[in-house]
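I have placed the structure first, in the form of structure tokens, so that the comments after it can refer back to it.
Each chain gets a letter, A, B, C and D, in the order it is written, and its residues are counted from 1.
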Amino acid sequence: MSSNAFGKLFTVTTFGESHGPAIGCVIDGCPPGLAIAAEDFRTDLDRRATGRSRHTSQRHEADDVEILSGTFEGHTTGTPIALLIRNTDSRSKDYSEILQTFRPGHADYTYWQKYGIRDPRGGGRSSARETTMRVAAAVVARKWLAEHFGIRIRGHLAAIGELEPRTFDWAAVEQNPFFWPDASMVAELEEFMTALRKSGDSVGARVNVVAEGVPPGWGEPVYAKLDADLAAAMMSINAVKGVEIGDGFAVVAQHGSGHRDEMTPQGFLSNHAGGILGGISSGQAVTASVAFKPTSSILIPGRSVNLAGEPMEVRTRGRHDPCVGIRATPIVEAMMALVLMDHALRHRAQCGDVGEVAPRIPGAVE
Amino acid sequence: MSSNAFGKLFTVTTFGESHGPAIGCVIDGCPPGLAIAAEDFRTDLDRRATGRSRHTSQRHEADDVEILSGTFEGHTTGTPIALLIRNTDSRSKDYSEILQTFRPGHADYTYWQKYGIRDPRGGGRSSARETTMRVAAAVVARKWLAEHFGIRIRGHLAAIGELEPRTFDWAAVEQNPFFWPDASMVAELEEFMTALRKSGDSVGARVNVVAEGVPPGWGEPVYAKLDADLAAAMMSINAVKGVEIGDGFAVVAQHGSGHRDEMTPQGFLSNHAGGILGGISSGQAVTASVAFKPTSSILIPGRSVNLAGEPMEVRTRGRHDPCVGIRATPIVEAMMALVLMDHALRHRAQCGDVGEVAPRIPGAVE
Amino acid sequence: MSSNAFGKLFTVTTFGESHGPAIGCVIDGCPPGLAIAAEDFRTDLDRRATGRSRHTSQRHEADDVEILSGTFEGHTTGTPIALLIRNTDSRSKDYSEILQTFRPGHADYTYWQKYGIRDPRGGGRSSARETTMRVAAAVVARKWLAEHFGIRIRGHLAAIGELEPRTFDWAAVEQNPFFWPDASMVAELEEFMTALRKSGDSVGARVNVVAEGVPPGWGEPVYAKLDADLAAAMMSINAVKGVEIGDGFAVVAQHGSGHRDEMTPQGFLSNHAGGILGGISSGQAVTASVAFKPTSSILIPGRSVNLAGEPMEVRTRGRHDPCVGIRATPIVEAMMALVLMDHALRHRAQCGDVGEVAPRIPGAVE
Amino acid sequence: MSSNAFGKLFTVTTFGESHGPAIGCVIDGCPPGLAIAAEDFRTDLDRRATGRSRHTSQRHEADDVEILSGTFEGHTTGTPIALLIRNTDSRSKDYSEILQTFRPGHADYTYWQKYGIRDPRGGGRSSARETTMRVAAAVVARKWLAEHFGIRIRGHLAAIGELEPRTFDWAAVEQNPFFWPDASMVAELEEFMTALRKSGDSVGARVNVVAEGVPPGWGEPVYAKLDADLAAAMMSINAVKGVEIGDGFAVVAQHGSGHRDEMTPQGFLSNHAGGILGGISSGQAVTASVAFKPTSSILIPGRSVNLAGEPMEVRTRGRHDPCVGIRATPIVEAMMALVLMDHALRHRAQCGDVGEVAPRIPGAVE
């Protein structure tokens, strides 16, 4: 299977470099009959768009999606859906200097060692620009999951550096450029980011995601567990260094008597497991948390080597995104959607006639 | 691809239930000419063995591996290598009672919802018994990686509950039943575990793993990144709830100026990235950390429901393993080995003639 | 994906050499709840058994299947089903001589060139012994297909050398050791085979297979067309050199007006297409025809080279099977079953809620 | 894996409908450093082009390939190569009538039964237009195979209806619009085709293909045999009903003493096997033969049913291609190239360090 493809049955293959002619994807395995139009992609692509806030990279792309195939009269036909976005704001002159340089913390050095060649324009294939197509493909998945199962997937920023929300309100998340669930802290965040930008440095972030309405039974033991596929999905996003399901690393200090989610006919009493037991969804909300590293493209000079192996100093000129995690929320949601969509089809393939065999226990009220 | 198979080119398919006739695996894609004998499996299977210490489950299995295919005169032939271990200590009577019960924190409920049927004997397929075959298959991978690249993979326990090592010494790890790197704390751990067992409760743990000698260039962007595959590999292990690469969740609070691993001709100056940049190995040590939840099989009664949806109380009788993380170190090492082995072959497939194209920068001295 | 595995969702991984300790397979993705017992394998394995007739290889194997996993109380659980058959009649001394020789028409030379090593005992992995596990795995598939869709898969020998049936009767097929549909010719075949055996030579054969009851809609364009997967399945059988769907090579001389299967509300008027249009089943009987080469293990000496590249003469001693096609009918049926089973699940995955959207046209009466 | 993708390591995913905005493909896994430019696609796309001769469909497409990704300064970088061709000559009005009709011998009925929806414009996804991207992707494969192994892949038409070449000359093949190896028959073919076109009917064809220079050792037993993958590749082409390797169905009547290709140090004495033994290349020329059915789009009226299941008469209006096999030669060559390219990488992955372990025997002089 292509390493630029994600999913076993709902398969998304992406292509394109940051400053090449275009980026795009091919979605294969989509069920037929789903209504999809170019306008459907607008909201999620805007949420992810790099030009959304002055605290993210200053690249401006229209990001207009063209549907090249796979639909007829506005509905999916079951054949591959190809989506294309032209790169319009390339400005590749900004990156001419880095051709001879391995920027520390970037993929420059590793791509070179692997392939013996690399596209230096804006990070090439290793640019976060690729994630645009994840978000686009997930639009299709989210729509199908919502229509067929009422599944809702929502994410939010859970930390920027050492700042964490003091209160939590889903309604606040979409009303500030940080996807931050505590409206009272937005001014503080603005100030923090402005200072950070001025310092020329960057900072890490944490994004949480919740999928509600996932029925019990999705996920395939033992190597395609729902949480294993989620872990791969999240870790494949640029800059991610950690993934947690449910309580995540907090379980290290927990006791079994506290961790295990007890069940009653009225519902689970807690959700430490994050909605997954033995790799299979329990019907509780599926929860994950993802750590984003501070971007390495900063204005502060750093030591590096050039193609000839000589020591040199690197300092990012072009754009500078002081916290890549800020715009990562839609991407994390997208990967959750792609994993769930794939497993919805996988479950139906093997167990499509199992039906509801036992009383379903409601999820814990959070 | 089978969901009970791991790896794209070095593919390990496992089968078997905890208390069925046998467990086993089929390794496909192994390069020919590797010397392998039944004795090679002894050490690693003993390290993982459940009867190793009085602090782990009291099951005693000989775990003698039979090589059913794939070798001739002691060398791999390139054909599938099948390994078989008979289950000799089943004692399935211990588990007869749970047939009607969904144990909280276990896969009982989710398997039932998915399949409408489950093997209740000892956890069936969801038992950690399955991980035996991961360790067995990894013996082959580790041997090949060591012979061809000098790669060494080592793990250790990094936390039990709130206890963490105060000093670090690799030499200590294999000299105590906890894979603990601080010899001075072993008595303390013994005491802690004894108290825990008496309390009838369980506790979580953290396992760290390091692979040294991995050449730069392994890993395939963008969905088969080396870290994405590692995340899936680790999360597929029973009881795992979190995976970190390099600094993991600590990156959330870091700044880019501190995180990025600067390079000099003499070597990297740090290894916050855990040896992976852009999904491709950098030549530095590949590091990961894994969180294991406290087992849910404890002596303390808990609320649950039965097959009929009626409320009931569950209390584990049979064996009780107060910290599954203790014996997880060899499993974590095994998954690291399987991922690296698969990517060694994948890299050779696409980039086998790229060769050494640029100066290689040594890894940071830890 | 393992190259010793077949099927995307109903995945069968086989292992084992002709004269190793055992052969076996792992079936992954089987729907839960199917009743399966060791006795279910008896009939089909006997039909394929090498010792069935004096006209096939004189090897006698009990071929008792042991179910190692994947069932509980006689029903599939959705977890991997491992099947094992011990090799009891190895007599590897017969093959000691060929270690230094590349037999013409065999895989000896190519395995050696590929792997640099080969298991010379009875053909090792390239032996037709491997096909036993295809037949065993297909028992599970055939049972499920029959129970869920009423699908019936039948094959017969359609030619031995230049002999072809003069009449056709399905009832005759299972009543002679040749799977021959013309009872009046059995004595003639016996005579032919006896003369052939005496001559020390071998002959080719053709096997036809028909699957009735396949619903319309199975098969996935464009590279996983039902006929493309059938072609791969059949060509993967030892000694196969040609595969036809429907009219096969006869279409070269046909005209469109004669070939296209016209449709009426009462049914298709013919079935030249073999039940597949655009890679998708039409609801007509799915038909295929397969060519088996004459085995190269004959008593007549032939020119070859040895490991050192020196010229030599080869003459098969041990067993001699003058027409491998005779026992191939159950294997061809098995591969048809495995392909259909896989596509049944694949179709359900993507199109499980499409339902019956248009009038179904009955198949042509043959 | 996507069913619109071909190849395990050199993976080609195609998309697009006959009369949608565009067709395209994504090539993943291509080794880095190969020189590729838009001009490279011209020759092979022209050879396949539908407007090449008055005996093929009268559609005129510029078929200009745009390279959207995967190259930098004219060389492949190891990242996905996306190719795009806009559909410029759609004229979808020609097809408006067939929306309510299931044309006999076409995929109309089966797509409808599978998906409950279909794109009626020019056959939609089931159109032979899709094969354009196979030819385009194969340009990359052929170039790599030629540069690295000197492999040459050539095909020719071997029969149109009952007409077969009386002499054979490779030089003639590219000098007539039929890819016909007997220059003396071209006038006869022209006449035959003209008469056929006037009759409103169509006819089948046979295409042969030969790959020279394939080294021994390619192909993976047992389900990814080189011939099994070739069979799937060829059968996945529109209108193909049969595939042969080497002598194909002629083996049915052969004896082992004649079929087995004897070996001497000076070379094989014949090539009945078509260069593949046990699923692995022998170093001889790899040969295959493919049967194309007569197209069902003919001017002669035929019986069919409409969406409501009512009887009706169908008569193709728009374009009419009396022998689809004529332009199939480049497509058959392309599929040979894609299979070989994939196996070149697969072989290197598993056996990259086996080297030349035994004397290589030259192929038979044809």
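Side notes on the structure shown:
The criterion applied here is as follows: a contact is a pair of C-beta atoms (placed from the backbone, for glycine too) under 8 Å apart; a residue touches a chain by one contact, two chains touch by 3 or more.
As the structure is a computational prediction, the values presented were derived from the model and not from experiment.
The pair with more inter-chain C-beta contacts, choosing from A-C and B-C, is B-C. Taking the CA centroid of chain B as reference, the farthest chain centroid is that of D.
Centre-to-centre, using mean CA coordinates, chain A is 26 Å away from chain B.
The centroid of the Cα atoms in chain B and the matching centroid in chain C are 39 Å apart. The distance from the centre of chain A to the centre of chain C, each centre being the mean of the chain's C-alpha atoms, comes to 45 Å. In chain D, 1, 3-5, 8, 14, 29, 32-33, 78-79, 114-116, 125, 221, 346, 351, 354 are the positions where the chain touches two or more neighbouring chains simultaneously. Interface of chain A with chain D (complex): residues 1-5, 8, 11, 13-17, 20-24, 26, 28-29, 32-33, 66-70, 72, 75-82, 84, 114-121, 124-125.
The touching residues of chain A, counted against chain B in their complex, run 1, 3-6, 8, 14, 102, 104-107, 109-116, 125-126, 130, 159, 161-162, 201-206, 216-225, 227-236, 238, 240-249, 251-257, 259-265, 269, 272-274, 276-283, 291-298, 300, 302-305, 307-311, 325, 346-347, 351, 354-355, 357-361. Residues of chain C that touch chain A in their complex: 1, 9, 29-33, 78-79, 148, 221, 345-346, 348-354.
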